[in-house]
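Both complexes below contain chain A, partnered by chain B and then by chain C.
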Partner chain A sequence: MNTALNTIAFRLMQAAGVALVVGVMSFLMMQAMPGDMAFRIAAARYGYDLVNADLANAVRAELGLDAGPVTQFLHWMGGLARLDLGQSLVSGQPVWDEITHQLGASLQLALAAIVLSLLIGPPLGICAGLHAGGRFDRALLVVAASFRAVPQFLLGLLLIILLAVQMRLLPAAGHGSLAHFVLPALTLALGLAAASARITRDAMAGVAASPLYAFARAKGLSDGEVLRRHGLRNIGAPVVTYLGLQFVLLVEGVVVVETIFGWPGIGHALIHAVFHRDVPMVQGTALVMGLGFVLLNAIIDLIVRRIDPRGVQS
Partner chain B sequence: MTLLVAKDISVHAGSDRLVDPVSLTLEMGKAVTVLGESGSGKSLLAQAILGTLPKGLDGSGTLTVGGDTFDPARPQGNRVLWGRRIAVLPQEPWLALDPLMRGQQQVAEVHDLVAAASEPAVRAKADLTALGLEAAGDKFPWQLSGGMAQRLAFAAARAGGAAITVADEPTKGLDADRRDDVLALLRKGLEGGGLLTITHDLTLAKGLGGEILVMQGGTVVERGPAARILTAPQHPYTRALIAADPANWPRRVPPSVQPVLVRATDVTVSRAGRTLFRPVGFSLSRGQTLGIFGPSGCGKSSLGNAILGLLPYEGTLWRDPGAPKLGFQKLWQDPPAAFPARITLGQGLDDLIALHRIDRKRVAPLLDRLKLSPSLLTRLPSGVSGGELQRIALLRALLLDPVFLFADEPTSRLDPVTQAETVRLMTEIAAERDMAIVFVSHDRALLHSVSDQMLELSAQ
Partner chain C sequence: MTAAHIGWSVLAALILFALMGPLFDPVGPFKQSLMKALSGADAAAPFGYDHLGRSMFSRLAHALRLSLLLAFAATATAAVIGIGLGALASWRGGWLDRGLALVADSVLALPALLMVLMMGVILPSTALAFWAGLAAVQWVEFFRLTRNAARSHLASPAVEAATLQGFGPVWIFRRILWPEIGPMLRTASAFGVGNAIAAIAALGFVSVGMRAPTPELGLMMVELLPSWREAPFALMQPVLACFALLLALNLIAGDRR
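Entry: the complex of A and B
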């Protein structure tokens, strides 16, 4: 029990560190971008055709952009300490409201992608690992490497061309019905599955060649029983740990895929916030993603300890 | 009652025959033991019977178990025997048990899935209790001692109700106490069943009794009742094998009185803040051999390393200040680990000769004395046998004119005949050069026959 508390305490410290680093880095990067910030914000509010120097100056005065970056940053950090992420510079809405609004759509998409990738990746990996060196194993290596190597924007476009434009099976973009889920979720899932299939394959091949596997068979258990009772248990820890790390791939993918498919999620919003120099939105979004990563890994840690208690109690 | 008949079992790799046809019969309550060195084909014979031959090897002959016939050439068919009629004991139980499943569950699943018995948990608990493992049921294998893991694996292997037990090298690398545990377990397997044991361990073979088959180079050279084979062997190889058993070595003649080289008073060694063994004292003269005995992990090697000056110690340790600086040398347990893998043996010796400005002419007579062919020096360590490599390690130490040699289980990885030869050479050379030896081993009989005095370490 003590170790679980230690883990949680460690993760809380980590979360504080992540908040600080994400805040500073995203702020610095936004400041380092070229162009007049007030002009970009004004353009986002009123449209590129209407914007002029007067409007930009009005925005500058309204948002106090002359106050200098340090004051702005301290202002944001002060807000963060009160659990207030501030207001969007473009819409004037609280950042937290905007994020929660978009997060729902992103979570739906991410969840669909994860479920889909779990249905594809680990089963294929287990199958290849059980027959390591066989024809299927070698074929999977090539396929998985290809899918990992293709960037997600390209994969998304290929799927649009193939399934939406050529075969007219699915809508190319949009949000609302179940059919809209398929292409973006599949784009994300194929990349994730390619990676998790390889990890699962290596873990499975290792366990299948181990003395514990040979002994389980010698005890008289059938291949299926050995896999269910000993194989899955022993590949569990490395595979679950890796799924936690995949969250990074997922966030990266969500940003790209949402933009391609016009999905109204947090990744889509982040891209727009960057274009429009909406600093509090960028900081808030990056912060939510960073803390999400910490939370997810804390959960994964607890699950892995449950699967493999070695090193916890001795 | 006859449990298993194996007729003309042989093993081929393509057109090469690795094991010549062997027939054997397992009877209720009677042990059959296959004796031989590594490479004699004894394990292949067992694998052909079980249907677990590695890829590329084919078995042939006929196998009859309880009236049903099996074909060693089609090993897939043998699978139905596993657990149900033949229990296979794992060589290394610690690795064979699932580290992530609690002890009782690993036995209960066999009752449940293999024997389809009612109340598997109750049966598993009874199995564990019968073996004195009540406390192990809720533990994971990595929380058990080696002996407990061995008994747990035994219970799991036999829970499917198999009458025949097959054990391949069950005592490999075990110290004497653990070996007695294994013997007791195998005897238990004999009650109401048959037993086939593959081993190079004469003590184990003697304890099991029954019939013994002696294998050499893939052929059974001699077979018969254990009592006859072990006391009146006919074949020269069997005689060599039995003579190689440390219990049968000639008694050591005590050396003449010589000056003291190392004197220890109340010496002990600590590792990570923990004292390893109760303080010991001894006095070792030139030409003498001190045997150090004790269970694994009790600090035998650490004591030797402390004498060499490689580890800090507590107590008083006096080394003859007149001894040369390089006079304290060591032989390692695992010869391949004591040589760089990618440098030829001759190159390694040349480097040593250059470093210490040794006369190169000394190598040839030493090679001769150690019965080593000079051509071996052109090879890599992986290209010579374990016995040859250990003799080259001895040669390497002898080039430095040692007055003291710490031999850390130098023969535990060698076959019995090779072990006997290596130890004999080592003790002869030590006598010729008035060299003192500290010999560490987990084999009490071996130490008894090589040592002038014995030191038994006990945990603190």
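Entry: the complex of A and C
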């Protein structure tokens, strides 16, 4: 139990660190922007048509923008600590509203990609690992290696050209119907599957060569039973741990893939916010992505502890 | 071993092309001649022309130059910072060690693309943003490698003996830590350079990376995508170049574990 608490404490520290890094970067972004910050904030609050020097001065006085950079920085981080992300400089809406609106679409896409990759990757890895060194194993190595050399945007491009433009099977971009899910989810899933197949294969090969596996066979269990009762749980811990590390790849993929396929999610919003120099939105999306990674890994840590309760493994 | 050899030779060929290509190129990457848009190869442009009639040969060579230069610069910077901080953290220990490890873990949660995008808003030039953003993410890998290697070795009798004999931290780093870190460095650097090249191309492809007339692999792909039916070979060139580069680096890196 103590170790579980340690894990959670570590993840909480990590979350605080993520917020700090994102906050510092966002503050620097705000400072680097040209023009008068008081004017921009006033414009975001009251609308561009109503802004005048008096309103800007009022904002300046209220937020202490005349104070030195240290005070401003503390003020900025104070807002972050209260989870007050401010308003989008483009739409004027609170950043939280915009993000909760987009997060749903991203989560759907990410979930579809994870499920799809789990259906493709680990089963192939198990097949290859059970017969390590065999023909299927070697073929899978080559295929997985070449898939890992294809970045996600390139995979998306190839899939669009092949399935959407040439064969006209699926829509190239958009959001709404089930058909729109296929290409972006497949793009994300193939990259993830290549990596997870590799990890599963190594773990499976290790377990299949271990004495416990030989013993289970020697006592007369069938192949399927050995795999189910002794194989799966043993490869579970490394594969699930690896899945947690993959989430950063997934988040990165979501940013690119959403933009390519016009998916109205958080990655799409991030790219647009960067394009329009909408710092509060950039900060909000970056924060949600970083904290999402930490939260998922905290969950993964606890799952791994359930699968393999033999104490800490680093 | 053979896989790594293939990787090295492909990488060497691409670097050679990037370095030597512009020397044999009379046109340059920006000269347009719309009459020749999307036409095939001729003596002046051995790889044909793009949608604005610019030489693909020249643009490809300059794009590879840019990607390789940025990626190597970012990874080299990250390696120096990461190894330096890693050695410092494990040598000093205490709150410095814990603080740096926490920063490293926090950065680990942020995708590289995100860091580059945020740097892009802060820094005035896109190339600078790529360099700083990629280095700001990649140092973590080198930091962790160095810290883990140093941790197990700094407590060893060898280091204790060396310290007793009066050797300083520099000697210990060079003679005891470096032989441990060195071999792992190849894998980490190859992965780093590969990820950097993929990130540069990905952001170019979604139009938040390098700006338009600059020859860059991702940007070339997205520019040539609309005319891929007329000139599939023109689109295939940056795609294949990007794939070959990443495959070579993956082969050099070998297996991480």
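Throughout what follows, the second predicted complex is superposed on the first by the 260 of 314 C-alpha atoms of A that agree within 3 Å, B and C clash if a C-alpha of one lies under 4 Å from a C-alpha of the other, contacts with A are read in each partner's own complex, and residues count from 1 in each chain.
As a convention for this text, a contact is a pair of C-beta atoms (placed from the backbone, for glycine too) under 8 Å apart; a residue touches a chain by one contact, two chains touch by 3 or more.
Being a predicted model, the structure only gives us computed values, none of them experimental.
Between chain B and chain C, it is C that contacts the larger number of residues in chain A. Judged by the touch definition given at the top, the superposed model places A:L212 against chain B, while chain C stays out of reach.
Of the two partner chains placed by the overlay, only chain B lies in contact with A:R233; chain C stays clear of it. In the superposed model, A:M29 lies in contact with chain C only, and not with chain B. Contacts of A:V274 after superposition: chain C is touched, whereas chain B is not reached. When the two structures are aligned on the shared chain, A:I307 is found in touch with chain B, with no touch to chain C.
In the superposed pair of complexes, A:V21 makes contact with chain C only, with no contact to chain B.
When the two complexes are overlaid on their common chain A, residue A:A203 makes contact with neither chain B nor chain C. In the superposition on chain A, contact of A:G220 is made with chain B only, not with chain C.
Residue overlap on chain A between its contacts with chain B in one complex and with chain C in the other: absent.
Those residues of chain A lying in contact with chain B across their complex are 210-212, 214-222, 225, 229-230, 233-234, 236, 307-310, 313-314. Across the complex, chain A is touched by residues 102-103, 105-115, 117-123, 194, 198, 201-202, 205-206, 208, 218, 221, 225, 228, 239, 242-243, 246-247, 249-251, 257 of chain C.
Considering their complex, residues 10, 13-14, 17-18, 20-22, 25-26, 28-29, 32-33, 145-146, 148-154, 157-158, 161, 202, 248-249, 251-252, 255-256, 259-260, 270-271, 274-275, 277, 279, 282, 286, 289-291, 293-294, 297 of chain A touch chain C.
Interface residues of chain B, counted against chain A in their complex, comprise 52, 79, 82-84, 88, 90-92, 95-101, 109-110, 113-114, 140, 142-143, 153, 156-157, 159-160, 162.
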